[in-house]
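Let me give you the structure first, and then I'll get to my questions.
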Amino acid sequence: MFEYALSVMIFLPILAGLALFLFPFSGGASRITGFIVSIIILFLGVELFLGFSGSTGAMEYAESRAWIESLGIRYSLGVDGISLLVLMAGAILFPMVFTVFSTRTKGFYANLLITQGAMIGAICATDMVLFYIFWEIMLLPIFFMIGIYGGPNRLPATLKITLYTISGSLLMLAGIVYVGVAYHNQFGGWTFDIVELSKLQLGGGFAVLAFFLFMIAFAIKIPLFPFHTWLPDAYTEAPNSTTFVLSAIMAKIGVYGVIRFVVPVFEIELARFAILLSLSGVVGMMYCGLAAIAQKDMKRMLAFSSASHMGIIALGVFCMNVQALTGCLFQIAAHATSTGVLFLFVGLMEERMQTRNIADFGGIAYRAPIFATFFAIAMLASVGLPGTSGFIGEFLIILGAIKFSGFIGFLAGTSLIIGVCYMLWMFQRVFFEKPNERTENFKDLSISEALTFLPVILLILAMGIFPQPFIKKIAPTAQLHIAETSIIIAKNQLAGTTLPIASDTHQKN
Amino acid sequence: MIQDYLILSVILFCLGILGVITRRNVFSVFMSIELMLNAANLAFIAFSRLHESMDGHVLAMMVMAVAAAEAALALAVVILLHKHKSKLDTNIFSLLKG
Amino acid sequence: MFAEALFFGFAVLSVLGAIGLLLFRHPMNGAMSLVVTMISLAGLYALLSAKLIFALQLIVYAGAIMSLVLFIIMFLNIQESDLPAEKGRWLYQLGGIIVIIPIASFLIKIVKSIPGSQATIVGSGFGGVKEVGLVLFQDWLLPFEIVSILLLVALVGAVVLAGKRRMGK
Amino acid sequence: MEHTVTYLGFIPLLPLIGAVVIGLLHMFTCKRTPLPEIFYGALACVGPVLSFFLALVVFFQLKGLPAEERFLTHNVFTWFAVGDLHVDMGFLADPLSSLMLLFVTFIGSLIHIYSIGYMAGDENFGKFFSYLNLFLGSMLILVLGSGPVVMFVGWEGVGLCSYLLISFYSKETDNVLAGNKAFIVNRIGDLGFVLGMSFLFWAIGASGFDYLSLKANVASIPPGVGLAVCLLLFIGACGKSAQIPLYVWLPDAMAGPTPVSALIHAATMVTAGVYMVARFSFLYAHYPVAGSVVAWVGILTALLAAIFGMFQKDIKKILAYSTVSQLGYMFAGVGVAAYSAGIFHVFTHAFFKALLFLGAGSVIYALHHEQDIWKMGGLKDKLPRTYWTMLVGAFALSGCPPFSGFFSKDEILFSALATGHTGIWLIGVLVAGMTAYYTFRMIFLVFHGTPRVQESFDHAHEPPAVMTVPLIILAVGALFTGFLNLPGIFGGNLNVSHWLAPSLSELHPHVSVWIELLAITTSVAAFAIGITFAFKKFGQGATEPEFIGFAKIAYRKFYVDEIYNAVFVQPYKAFGSIISKFLEPNVTDIHIKLCAWLYQKAGTAFKVFQVGYVRIYAIYMVIGLSLMSLFLSQTIK
Amino acid sequence: MNDFLSLLPLLIVSSGAILLMLLAAFEKSRLETAAYMSMGFFAVAFFVQLLVGCGPATAVFAGVFNGMLVASTFTQAAGLIILACGFFTAMTTHSYFKVNPFCTLEFYAIMMFGACGMLLLTLSQELITSFIALEIMSLAIYVLVGYDRSNIKAAEAVLKYLMLGAFAGAFFTMGTALIYGGVKSTKFIEIGAFCAANSATAPLIIGGTFFIFVALLFKAAAFPFHAWVIDVYDGASTPVTGFMATALKTAIFTVFANFLAQNSGLHGSWVTFLFYISVLTMFGGNLIAIGQSNLKRMLAASGIVHSGYLLIALVAISSEHFTGSVIAYYLAAYAAGTLGMFAALSYLGGEGEKRCTFDDFKGLAKVRPYSAAAITVFLLSMAGIPPTAGFMGKFYVITSAISANQMALAVLGIVSSILSMWYYLRLIINMYFHEAQDNFETKGSVFATACTFILVFCVFAIGIYPIVI
């Protein structure tokens, strides 16, 4: 009965969102509707996760229907180890958004639902054009949510994120078409199916151009340094649940896109520019980490920290070895849980105190022990403490980075230090020290809120202590992915092209 | 020999263009356009003479018909403009700009 | 020989007429000089042994269209004061000529490249009413038909734009 | 040749369970009426004590085995496996870890009991014990971990706990800052640890990433990589064990409650670095260069800390610096490949340093949290038990025969001399003298002479038995543990060293008895000189001197903290604010801003062309035409 | 018989036009009936056109019309678009003229005349026929533009359009003359044959083609012949603007494509020329659009940009197995979006089109969420955001460009559509992110509204089920 699970997960929220738009719902009613829908998605997602074998590393739950024959565009979905955890992040984190914050209108919930559907679509699509369509759709609700429900100077923020990301993705469109045409020229016949396209042997200047068209789109979305400048404004101005969606899921889809679409098609170009890209990842990590320490606004600080983490996650892709890739895939889910929850917590504090200014807080640990504990666990996960979900991924990525290049690995390792600096700094000022008159009567988590967050907190711990069940499902695909890539690169390299990381791609995984 | 006719038509055509872009008087502009059409007609006839085929004559007739139709409409427009402002200066009709 | 002389005369006349159209401030004078051009063009058509077109030129153009134009000019009874004070017209014309030169040279270049430019003797009846009519109704039926629609549109349009109107139905 | 025993996992698990249970109870009750303290105390002591008994079981089971088979392992579950990286959540009990296990659980239990008395009346009593249990659990994971990654779990865990416990009185900003400092400095070390691990993995980790497999194919590691791994791991050890240049956090760590200082920052956690080097002895043994780097860093740290220690006035600071200096000794020991000696010093040091801290704790407790030794004096009649026990500790620390410290320290110095590190030996002797000096400076100032602050002296009274009994037990330990590793010259046969031999790869240099005698005599002499100086200056009551010149500089710890602050911390913050104030808005963002600005300007500029004069539009057309026809005229001949 | 069928829509429309013209003579005939009648005629013609199965290009009445009319699936598609445009425009005008009463019955007659000129234009495969058809269309549009005689802006618009249009027409005739001189015929096929036999770079051919291109590019509002379009769109009444923006462009690009596709040699020799023209058109259009504050002017400028995209498609068309599907699809998508936009504007504009600038539409979403949503959909379609039709159109254009090895052109097209996001989003922001100052009450019939929402549906339908001919 679950062979259409993916389609349901995509279109149920979208249709629900449209229904909310078209028919008169009250704010509360639409909130409940959204909650029910997201719960259904959650169950489907869990069921799908349990049903996912992942042993072969092939696509599962695949659906494929002809859509536009003349160009071989198909409506084809599927899940494999690469998309599994991202899909989980998109599927299971949403109910929180509906339970935590209550002060929104129906339009907001409609937008949220449409975003969820589009994001799941982008994650599941195995056809480049289909992916692109969902990729574009998922931005629009964000645009409206920030623009309508955002903070005081939301207009520049929303314009910036929208124009910037759309520019990137439109350029990617040219890249996609180029790939399709190249396939047409090499094999005859049209297709945009990624499995087919990965057979391509691209080369020449246009290939490099197309590669950069892709990379710019993803780099803006992830965001990679120096394309990150939309992020702080957008994250700060967006409503808290939107920030949660942006940071927890949407940014991850950027990384996912690189793994899914760039790595198999543009192996050689990726290998050629891997050093550059990984440098930008690491530099971004350090840059944003340093910027975070100087923030007054807690949300803005978390925004920078999120950007910093994304830098290191992206690094995991460019290292092109199985440890780094698996770590990256795992870290996607881990970071989604930890940072997403942190943003929600900040939202809670804002609702309780009407401020996000770090200086206004203090001594919350005494007033709200449960809240403080949850927050601390999420924070420790985001600084990668062993025993929490954050460690596994970060360790694997650093390990892989060392393999890739000792220097990059060292720089990546500094995230251990940088991350902890600003986090402890913030934690001290917000939760320790003496309570001031504003925090004197800071309410602790209510039962319902505690019950909302508890699963995620437990998930963070579980992913830290028993990661193998997750890794078991994703590792084979990563294995396969890297293996093909390195074979092609090796072949290409025997052909005599010089690649910087030539030696590293020969590893037996 | 035929070339002379064609060169003449070219000259007239260019003079027509010149009239269109230098005059501000609506009448002069329209008549310049008529002049251009006539130049084209001359070319048609000359070519048909060259090719010994009478298609050119037919074409010239068609062009004349079109010219007549355009002239009719153009004069109607002139009257319309004259109703709004009793001047025939094209430059005074410049509300729409920017 | 005689033909050359005629051609030369007509050519000069027509160019002069065109220049007159270009220079006269008052449209009336412009129209007059355009009539000169058209008549001389009719002469040239005759030289090209296009009898029917020669007639049509005189009737339709010089006759109908130009007289219509003149009629409208008089009808609107345009005074000197109504005419636009086209200051700096010379400047415009100078610039215009400079802009035109490439186009003109381009066209001349094209025309120069025509092969077999000597006019040959044509058989009798070339360009006569009968012959042209035959061509018209055998090969060019469709344009002839749709010209009727064109004229219809022009008619109605002229009425709508200039004529009386029963507003607000 | 190893055996699998399934109860190993429970040793760390029990305290962790305790931590979770206590933590939850406290978390949910602290806002309402807190549970009775004794309940928490009892609950907290269950875990450590049980683990201690399990540790005994492990010990005796090991003892039952032939020497080369003394490896008990238990892989609980596969933690994560990616490609050829395969990490088990596994535990390994061999002589080395069993020794650590014994004293960690033993002292841990004692300090738990002690804390029940010390922390009495604190509003966060439950939280404290939850953290303490958590710490013990992490420490046991660190000790028992079957591979570097599992060790790293404990490694970071103890770091976290030390952070939490240092900033336990978190209402004072300074305490929290001290905690942050500890965590961050430790993290710097951890970076080294992680990098070292990674290199090690890519070198020889492909077939099993636990100690035994690593030991098995250590031969195949490329030399350069091996050296790098050693040094990187040592950076980690520096961070955790407070060696130059990362020692700065330990003195500040005294902001935590005294039992914490005793357990974490004296007895157990800070020795993790030494333990780790000993763990990787199979690696270090191949790289004498790395070894001597370790040794020199250690001995210099010892010297520096001793100098600082001589001029401190806060009793806990004195002890803290003495800890740093003793850690230096240990590193000197493991550095000169005398791993067993180093570990044995860890062992004895745990006893007497814990003893000293707890004693200091009871003094502070008696004087209502007075820590300045210049405000104490003449307490030996008021606090007799404390006095006598601390005296034992002091003798042990300053290496007076036949106390435990003497044997262990002497073993280290002797090995240094025997392996030809004469410089290290000389400095070691000097430090021994200084140690004796500052230790007894403290003793004299606190317990002898006349009370300097009368009313606090009057209120002083012996703490309850729950605190003094552990003192006495530890004192006994401090007195006699030395005989466990009695060297041959005293008719012993180095039991501990032989016990540890299977898990360490060290070789005992055979040198003449005279050198051994030389070593012993010099250290005894150093002790004697030190104590005499101390007695001369402070024997019968001294007044607080005004520090001047070198003394002042030493008292201000050579301004190292200030220098670090100026060189690292401030630039870091400045850089951060530069980025967010200047770079972010003005430089990295420029490409967007510029495009937007240009585009809008161009748009407004373009409006000019829409003049609205029809003739001008015609002129545009004609200009375009003429340009195109220029372009086309080229194409036709 | 088949010939007759493929001409039938044209006949229906023209006869309807004549009928309406006659009807106008009667005193008591009412405006609504005229509107309904024209809707009906357009609808019938549309369905006939839909049902007529056109195979590959076949000459209609080859004997009588001497192969001057050729019907193909491409012309069929173009005809469908034109007829649909006429139908929706009639719907829109029905309620527009309720609010702005300057209309008479002739309006619909002339509109249908214009439509039949466009249909002729799509079918014609001969220069002088095309010219006459072009003139029929243009004269009709001139009249429609200047229909509101009390409005001086309309008068000015018609002046500009007529003058420049006639000017361009003169070039067309000259071009025809030159081609006639070169080829001795004016049929596309003959021209193609000539170019295939001799070189396509014979001076006369180049010159003639050039002048014909000038006229066509003028009608298509390509740079540098674009200046008129903004003022004319601004001056004309909104439904008329919609009609000329969509149907006229369809007809022009159809004949353009037919002309180019007939002779590959010609196409090959003009690729570079069209390349530069299209690039200049796209960027010029964007630069004009960004500065506008009036919606109609902005839409006119965006129309220029879309002509640029269509020129990309023209650059990319391959003469062998030419189907024109890309152009037809893009035209359909563009027509749906633009028509819907103008329909919405024409009923939201109010009396005398008092709401016409960006600022007038502030807060529309608060008052009329559905209309705002519709406008948003149209804007997104124009901007080429999935899953709207505009995206698919853009996708096809890019694909064809890259298949024709025009990577640079494709990337430039993408860049220009990035630039165009700016002013589309500007309107969306005004509608959604500001408070409403206006209550946006509208009078008149529901036809325009209905038309708007039908077109929303069309935008999605065309986008999600792209029927590529």
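By letter and in written order, the chains are A, B, C, D and E; residue numbering begins at 1 in each of them.
Convention: a contact is a pair of C-beta atoms (placed from the backbone, for glycine too) under 8 Å apart; a residue touches a chain by one contact, two chains touch by 3 or more.
Quantities reported herein were computed from a predicted structural model and do not represent experimental measurements.
Colleague: What's the fewest number of moves from subunit B to subunit E, given that each move must go to a chain touching the current one?
Modeller: The least step count works out to 1.
Colleague: With one step meaning two chains touch, work out the least steps from subunit A to subunit B.
Modeller: Between subunit A and subunit B, the shortest chain-hopping route counts 2.
Colleague: Using the mean of all protein Cα atoms as the middle point, what chain has its own Cα mean nearest that point?
Modeller: Measuring from the global C-alpha mean, the nearest chain centre belongs to A.
Colleague: By the contact definition above, name the pair with the higher C-beta contact count: B-D or D-E.
Modeller: Contact tally favours D-E.
Colleague: Between subunit C and subunit E, tell me the centre distance in angstrom, where each centre is the average of that chain's C-alpha atoms.
Modeller: The separation of the two C-alpha centroids amounts to 31 Å.
Colleague: Could you please state the distance in Å, as a whole number, between where the Cα atoms of subunit A are centred and where those of subunit D are centred?
Modeller: 37
Colleague: If you average the CA atoms of subunit A and of subunit C, how many Å lie between those two points?
Modeller: From the centre of subunit A to the centre of subunit C is 71 Å.
Colleague: Find the geometric centre of each of subunit C and subunit D from their Cα atoms only, then give the gap between the two centres in Å, rounded to an integer.
Modeller: Taking the average C-alpha coordinate of subunit C and of subunit D, the gap between them is 103 Å.
Colleague: Where in subunit E do residues touch two or more of the other chains?
Modeller: Residues 128, 132, 135, 139, 142-143, 146, 149, 158-160, 163, 167, 178, 181, 203, 206-207, 230-231, 291-292, 422 of subunit E touch two or more partner chains.
Colleague: Of all residues in subunit B, which are in touch with two or more distinct other chains?
Modeller: Subunit B, residues with two or more chain partners: 6, 13, 16-17, 20-24, 29-30, 41, 46, 48, 50, 55, 62, 66, 69-70, 73, 77, 80, 90-91, 93-98.
Colleague: Considering subunit D alone, which of its residues make contact with at least two other chains?
Modeller: Expected reply: 607, 610, 612, 614, 618-619, 622-623, 625, 629, 632, 636-637.
Colleague: All pairs of touching chains?
Modeller: A-D, A-E, B-C, B-D, B-E, C-D, C-E, D-E
Colleague: For subunit A, which residues are in contact with subunit E within the complex?
Modeller: Interface residues on the subunit A side: 21, 68, 70-71, 129, 132-133, 136-137, 140, 144, 147-148, 154-155, 158-159, 162-163, 166-167, 170-171, 173-174, 177-178, 180-181, 184, 206, 209, 213.
Colleague: Spell out the part of subunit E that touches subunit B in their complex, as residue ranges.
Modeller: 128, 131-132, 135, 139, 142-143, 146, 149, 152-153, 155-160, 162-163, 166-167, 169-171, 173-174, 176-178, 180-181, 184-186, 230-231, 234-235, 291-292
Colleague: In the complex of these two chains, what residues of subunit B are touching subunit C?
Modeller: 1-8, 10-19, 21-25, 27-28, 30-32, 34-35, 38, 41-42, 45-46, 48-50, 52, 54-55, 57-58, 60-62, 64-73, 75-80, 82, 86-92
Colleague: Going by the contact rule set out above, which residues of subunit D touch subunit E in the complex?
Modeller: Per the touch definition, subunit D meets subunit E at residues 599-600, 602-604, 606-607, 609-610, 612, 614, 616-618, 620-621, 623-625, 628-629, 631-632, 635-637.
Colleague: Which subunit C residues qualify as touching subunit B in the complex?
Modeller: 7, 11, 14-15, 18-19, 21-22, 25, 27, 30-31, 34, 37-38, 41, 44-45, 48-50, 52-53, 56-57, 60-61, 64-65, 68-69, 72-73, 76, 78, 82-84, 86, 89, 92-93, 96-97, 99-100, 103-104, 107-108, 111-112, 114, 116-120, 122, 126-127, 131-132, 135-136, 139-140, 143-144, 147, 150-151, 153-155, 157-158, 161-162
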